[in-house]
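Same chain, two partners: subunit A is paired with subunit B first, then with subunit C.
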Partner chain A sequence: MGGLTKQYVLTRFFMFVLTIWIGATAVFLIPRLAPGDPVTSMVMRMTEREGRVENAQELIAAWKERFGLNDPLYIQYFRYLGNLVRFDFGYSLANFPTTAWEMVRPALPWSVRLLAVALIFSFAIGNTVGALMGWRKTPSWLQNILPLSLTFTSIPYFMFGILLLYFIAFQLHLLPASGGYSRDVTPGWNLPYIRSVITYSILPLVSIVLTSMGGWALGMRGLMVGVNNEDYFLLAQAKGLSPARVFFRYGVRNAILPSLTALALGMGGLISGSMLVEYIFAYPGTGYTLYRAIITQDYTVMQTICNLMILITATSVFLLDLLYPLIDPRITFRRSQM
Partner chain B sequence: MIHRINETPKILEVKDLSVHYFTSRGAVIAANSVNFYLRQGEIMGLVGESGCGKTTVAMAILQMVQSPGKITHGEIWVDGEELNSLSERELRQLRWRKLALVPQGAMNSLNPVLKIKEQMGDAILAHERQLGRATLKQRILQLLDDVGLPARVYEMFPHELSGGMKQRVCIAMAIALNPPVIIADEPTSALDVVVQRVVAQTLLDVKKRLGVSMLMIGHDMGLQAQMVDRVAVMYAGNLVEVGPVEAIFEEPLHPYTQLLIESIPSIDERKPLKVTEGLTHDLRNPPPGCIFQFRCPYVTDECRAGRPPLEEIAPDHFVACFKVKSARLA
Partner chain C sequence: MVRRSVSRYNPEWLNKKLVIGGSMILVVVLIGLVGPLFWNTDLAYVGSSPRSLPPIWALKGNIAHPLGTENMGRDMLAQLIVGTPSSLKVGLIAASIGLGVGLVLGSLAGYMGGKVDNIIRTLADSATTIPSLAVLVVIAAHVRMQDTTVMALILALFAWPHPTRIVRAQVLTLRERGYVRMAILSGANAFEVMFIEMLPNMLPWLAASYTGGISGAILGATGLEVLGLGPARVPSLGLIINQATGASALMRGLYWWWMPPILILMIIFTGFFLITMGLDEIANPRLRGVKA
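Here is the complex of A and B:
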């Protein structure tokens, strides 16, 4: 008993595929439920821009044919699924010859890098702060200081970003205000570029970490307070174990479990980017791309980002499911009882 | 009745122990000047209704009273060392080596995410750091065998064990360092009757084999009657009677003990519950005089004026009651 069983892995994998399929179907259906169609609205935009477009009706008909929008819905659906499997997301509607994937791909590393680092920092700091706040043996001076670190949580993160921008970038000139890297470095594996990327990411990073760690901390505090009253926690103290061992092996080890689930779910956010923060700092990530796509009604780019989000979330939940029985031995057991 | 000879050394001595819980509406006196001792190799029962302070006394002996509780007064001597004056570090070294705990038989005494071998190993390694791996494994397997558990329990997680098995793991863990004193806090509660017997028997076996002294907290009077050598009866934070088990059950002296004994259910007669719940006074404001005056059928003005001290009426038999004292003197 305990550990991974074949049936457990297969069930989890089935859930993984099912999640992606349902998500992709929703992404396919939702724009088609909305009134109007992207081709007409694009041609109308062109008409607005240029005053008049020759043969607008023929243009719409030709493009509908080109994008296969005249086929029955189920044909479109199967073609969509087939393309998805080959990672073909179609052309960007707003920037025609460019594909949606080409629009999203350059932004991906920026967002994933920024948000993965932010997620790691806020998870680690938040949970540490929370665990210490919830532990009875934490020295009282620390107990009094720690809640102060959570004051930023009540500020919306984009507001906090604007404050940082104003004071640190414009008033004190300590850090750059916008962009992904300095204009006078050449992108590539060279030190000035890497240093520039790091410098430019500090402000967005700080505004995300400081405003999001409170959530982790409060959750962890509650769980830790619960663990404090568990019989096994008291018994661990009675055994004469060192406080650190009691704290980690009997306290945090148990209290962290629900946070890990939340962490896996938070992974999906890596792709969607942190739209407002990226917008404020003009950071070249997917959040900014998504923002551009929304204002230009670029459905295919939006769909691409949504599908990637679903894929990443489902993957991280699947991986967590595989790890969970190793972290919490009760999981597989419960499943097999059903 | 022949009383045991009292030459056996005292292994645990609680002197004048007071524990208060500090709340915003005043201090709750959970234990008030508690005095008792435990002789080497004996089992002493600490009984009383819920909320009377039994567990508080146990936690105080272990130096694990949780905030907002505090030991406000008293001394606790275990095997020649006074615990209240020890530093956190000295205390940690003494714990489990001199003083082990068998927790309540509830489901939560073992860490759900660690294997039995890790939890037992933790306790042993915390005090014997240089122990080799093979020796440690041998030790744990021997301990499991001592309490009648199969060797496969070694690799198991708590959720794979039944309630009785978990409790026997806890007993095995408690005897791991061969401590002179074990505190068992309602070791058989939350277990069914058959399993209760098995666990109780395991405790008795262990006691017989190792000569360990035990303080057994509980409210199951029937079980106490069969297991312990002496009984201490607690009411509202005060000890009201301490005496040999036969004396307590056959001839209880304190009115509260009498009510308690009379309330033990039996199959022969359906009797009304003599001890009624919820009549205890506010523990923040104990009345002047006897602690039991509001529920005592024999209360007099003397009881309302002054508090009777716990006095030795017969060898090894202590009672805190004016009526009993005057009856004896008369």
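Here is the complex of A and C:
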């Protein structure tokens, strides 16, 4: 029962730590492998913009000292990892006395909420559509209509977002174009505010859901086609069970498991894609904060958001991994065998 | 079910999705190849044309700039002719590196098994789950990118896990096949087994992973360009979108500015998507004959 063995949990936890470590290391190391250092290139950019910066050399030297860039690389690296573990992301470069974490924190709930709702909708709709496409008993008119829902599958979320923004918000004025909530309402637990938050999130939500559900549908279709030929499925039909029962209890229930695994793998892509959607709709989540950090060349805030995104992805994958064995006891066995 | 006549010489590479997707990509490639012969690409740069001119079918359209011009006096047609191949190039380079690395790591993992397999599989698994765009943004913000090649190299960082996983899985199943065992028994060395016996049999999988990788890399590149982190001097499809959104072209109704690059990118992504699906059907015959 359960199937949550100690070894399985430990392995998954190791993967969780490893993912964060690889991500954080890439973020630290790769910019430093490139010629030049962040401080010099920042001052160079300032020079490009303003024509001339007074005492550029001294400025570079002072900043290098301040950020500890004169220490050997491995010391910088360990200090970076140590700070990361303590959730100390340093100060925002653009708004100095504020820490990077304070800049990012207000944006987090917006992103997490948008992502969670988008994920639930796209997973549920996508898998239902896919299962119906792969099921032999689906009425043929439905078989002909369903593939239409795959139209947007290959289009990046944010491009579909731009189209929605243009046609629905700017041309038809049906829904608000940008922001997280209307200016006329006061944030808090009151009905107008909640209604406003929902209205403003519809377009970003729709652009993510419509473009990402096709992926689930395609995967599910393939799995359902496989289930069609299983003995237990044929038996269930032969017993004369109702089509709905055969479809859900015998078909979907068995075909959905690999789809759940794909959920964990697709998480990174989903988070990446939704960041651009937030930028397009000026939705006050981390993606938009990231865009503002890019404009103001706020490296610490960029790094903070990046590390938080890695942390969120790794955590959700870890939680999903802990969920699978409860749904399918075979997984613990299979994974520990591999 | 409709009975399909099954020919013994089934031309499975003439898959419908593969052909349609391939033609879509061909059209896009031709924009970059044929375009410069007919159109002056110098018009793609600032100040070469009058500003914010609507396209030819609009009221004030001008034959000299059939797709219109934008805010800074760049001709849209010229920008598309220069920008489209540069987006494709990024995808090709990054995906090729990814495929190369994936072939090496995947066959090592599948072939050697044990510790090597464990390490490579774990690395590939965790690299797949990392949200690539966030990491790419941080890297791209630090590295000064003058041309698209550097960007392609950076994007290649995230292009290897998928091919690695595919190759590993394929090597694991193919290793048990009779003809591969036969080859090993006859004293073929690892390279011969890998490249002569196994590789030809994984081609559809590899090709699907490759086209998927190309469109993934183009997606990443476009994302960076849209955020303003791509090379700023060379026109690219993402950069046009970045400039258009930056100048509120959507609100101002300058649709000829942002819509053409989005349309071309949609054709690219849909094309590669259809190719990947077609190749999947060739590799996995069970998917054939199912509608969609």
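FYI, the second predicted complex is superposed on the first by the 298 of 338 C-alpha atoms of A that agree within 3 Å, B and C clash if a C-alpha of one lies under 4 Å from a C-alpha of the other, contacts with A are read in each partner's own complex, and residues count from 1 in each chain.
Here is the rule we go by: contacts are C-beta pairs under 8 Å (C-beta built on N, C-alpha and C of every residue); 3 or more make two chains touch, one makes a residue touch a chain.
Values in this document were obtained by computation on a predicted structure and should not be read as measured data.
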item	value
Partner chain(s) touched by A:P156 [first = subunit B, second = subunit C, both, neither]	second
Touched partner set for A:R253, first subunit B, second subunit C, both or neither	first
Greater residue coverage of subunit A in the superposed arrangement, subunit B or subunit C	C
Partner chain in contact with A:A26 - subunit B first, subunit C second, else both or neither	second
Subunit A positions touched by subunit B in one structure and by subunit C in the second	136
Contacting residues of subunit C [partner subunit A, same complex]	1, 121-123, 125-135, 137-139, 141-144, 154, 157, 215, 219, 222-223, 226-229, 241, 245, 250-251, 253, 255, 258, 262, 265-266, 269-270, 272-274, 277, 284, 286-287, 290-292
Complex interface listing, subunit A residues touching subunit C	15, 18-19, 22-23, 26-27, 30-31, 34, 36, 38, 41, 133-134, 136, 143-144, 146-147, 150, 153-156, 158-159, 162-163, 165-166, 170, 177, 218, 221-222, 225-226, 264-265, 267-269, 271-273, 275-276, 279-280, 290-291, 294-295, 297, 299, 302-303, 305-306, 309-310, 313-314, 317, 338
Subunit A to subunit B touching residues, read off their complex	1-2, 136, 230-232, 234-242, 245, 249-250, 253-254, 327-330, 333
Partner subunit A, residues of subunit B touching it in the complex	62, 64, 66-67, 91-97, 100-101, 103-104, 106, 108-114, 122-123, 126-127, 156-157, 159-160, 170, 173
